[in-house]
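Next up: some structures, all given as structure tokens.
You will see chain A twice below: alongside chain B first, and alongside chain C after that.
Right after this comes the complex of A and B.
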């Protein structure tokens, strides 16, 4: 498997990652074992709930709830830094003035043309 | 500590939902009350001790890295690798096969962008530089050739159009009484 090349349009599978069979340091292996234990625990919880014959309600997904809450409440952690102020000014304040100026100028010019008889649609 | 994490859950299965027991465990370790113990929170205000991270986000303490705090509202949400769902193993048995995600797995902040219908980070057949060269090379070449064709037009020589009936004398509004001058548009 040392000469495995990735299939086109796909990443290398985890089991063929060179770290898995060359990196045999205890720290790396312990880290991988902990991650696998976490994953296995979550799988087990899900399967218990899924196959529970007395379950009548939906299985709620706490990670999904956390994600939805985090995405819905960014303003609780908002801070006015240089970057955020610049973005706010660029996307929130500047378009108002620019668009007002553009529309007003265009309207005034076409009105004057129409009055002078120069307007050609 | 993490080995016992699996065995404790087997003892309190009759409780309403597995989320409840983990909520209790998280609260017993930290000082946070209520539902906010499990929700994403401020970095400084949450008092997130390193022990609570497995209970809260289900990732290892060493793997946890919060998104850069530049005031853009991320809180203490973890930074996960920027890989799309299309990049994940199609042969593994996911809990949600269309999303290629397991139940209660921590979701990327931009998860809705990385679904399989949208942004895809899987490797391309040819490198990015080759793709750029091919596309811009072709488009640039075509633009250049059209510019040259505009500058140096090439068509058959033409002269002004010739009309019969004395250059269409009547059709152009000439009166029928007036004799038009004879126009000869040909040479024999």
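Right after this comes the complex of A and C.
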């Protein structure tokens, strides 16, 4: 297997547990062991940074950076599909016309009432 | 007026000639003295309302609160910037203070201008120091993009304004704000006068910003350093509102028909940008969108041209200026500790920095317009005058108020409550400078509760 040796008390992932082995192919087991080794390497990196007494800044999480970038830059990856066009029309275009119509009719009506002397304050 | 202008002008030699040990204390003291001197402008005793009047500059109850706000903000900007600039070379520090002082100068001249072309020139001139501050001292690579958006949105909006003002000058013979209310209206062909109306207003609507043309604001606010964000949120947006209030007088009979699309955009923008705030991951971006939301209300209040609308708009502008600037300073205290604007990374700060939580709390309450703060007074007046204009606006403004409360609460809970990130280091405790900065923002806001009549503009009766 890969030359990862986990800590003595750590649990093995389910697919490397000898009790679950029997219906798994050796290729699959090898792949799982490599992935476990990668994960352990990342955890080791994190622990090294976490316990480094000379560290002055936050530990950088690349996944968080990617997520923040994605949330902050939606327009670069915008595609005009049926759903996005519908949403845009429903929330961005239609309300403007609807509100214009509502305000205009309301004001025109109250203006006419005021001219006719029907406006009761 | 000169007793404020000359010291502001001489802040420039001060920054270049003082020794590096005394640079910041001297700049702070001088700007604080200017700020305290500017408060004397609030004393409007003349019958006509125009004080400190000469051929070019004057103050009246509309411009005075904004002038005092811009003068008050300079020492606060310097206080806020002191930390992140301390590691830079001396010349860059001096340049930064010079840019802020020039911006202050242009702002005073803009708000004090009695002639519209002078106002226009100063309006444009304020763009340059701000652009330099954003693009040269911003922290991320997106600052160039932000500077471009900021400059070109505002410029594109204001070039038609120049043409419109020149047309007005041609027909009326003067552009002095004292004479314009009594001049005869500009008579053009029907379509031409609509274009002229739009040309006058678009510049200020982009600056405010109005919902459809607000894209520059989150970029500029987020990428600017703290002093840039403060001055953008607190004063530069209000230049748009002030310009609108001044120009509405000459646009009168047209406005009845032309305002509808813009009021619709403004009110719908209150709800939309408020909803966007609830989905933000970036703290400064949240505060920037909340600025758009509040300014949408202000735009609505100004466009309906009623006394209460104007009063509410003016009070909300001042109160929002102080509250928003306070929130940007708080966001900066987070940024200086974690070097990240992501809200998730700076949670649970109540455990780590409890005194700062007090300021976060008060600033969030100010943002959501808690009574008896002047934010509520402004919002209520605008709400009421909009309701009088058309009863259906109440739905929009009511939902808008609800969403404002929601995202202010979200911001507070996200930053203060919750678990502290496990890899958080020993954060430096809150400096006295930061407490002073927050106090200087929020104590004037609390004091305004006692006498809001100072800020009511022309209708303080």
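Assume the second predicted complex is superposed on the first by the 78 of 121 C-alpha atoms of A that agree within 3 Å, B and C clash if a C-alpha of one lies under 4 Å from a C-alpha of the other, contacts with A are read in each partner's own complex, and residues count from 1 in each chain.
As a convention for this text, contacts are C-beta pairs under 8 Å (C-beta built on N, C-alpha and C of every residue); 3 or more make two chains touch, one makes a residue touch a chain.
What you see is a predicted model, and the numbers here were worked out from it, not measured in a lab.
Participant: Just checking: does A:29 make contact with chain B only, chain C only, both, or neither of them? Give me first, second, both or neither.
Facilitator: Neither: A:29 stays clear of chain B and chain C.
Participant: Decide which partner touches more residues of chain A, taking chain B and chain C as the two options.
Facilitator: B
Participant: Would you check which partner chain A:64 touches, where first means chain B only, second means chain C only, and both and neither mean what they say?
Facilitator: both
Participant: Output check: A:11 vs chain B and chain C. Expected answer is one of first, second, both, neither. What do you get?
Facilitator: After superposition on chain A, A:11 lies in contact with chain B alone.
Participant: In the superposed arrangement, does A:41 touch chain B (first), chain C (second), both or neither?
Facilitator: Touch partner of A:41: chain B, not chain C.
Participant: Common interface residues of chain A with chain B and chain C?
Facilitator: 49, 59, 64, 67, 71
Participant: Which positions of chain A touch chain C when the two form their complex?
Facilitator: The contact residues of chain A facing chain C are 49-50, 55-59, 64, 67-68, 71-72, 91-92, 95-96, 99-100, 102-104, 106-107, 110.
Participant: Which bits of chain B are touching chain A when the two form their complex?
Facilitator: Against chain A, chain B makes touches at 2-3, 5-6, 9, 13, 17-19, 22, 38-40, 42-43, 54, 56-60, 62-63, 70-75, 77, 83, 87, 89, 95, 102-107, 109, 111, 122-125.
Participant: Could you please specify the touching residues of chain C with respect to chain A in the complex?
Facilitator: 260-261, 263-265, 267-268, 272, 280-282, 285, 338-340, 342, 344-345, 389-393, 396, 421-425
Participant: Along chain A, where are the residues that touch chain B in the complex?
Facilitator: Going through chain A, the ones touching chain B are 6, 8-11, 13-14, 31, 34-35, 37-46, 48-49, 59-67, 69-71, 73-81, 83-84.
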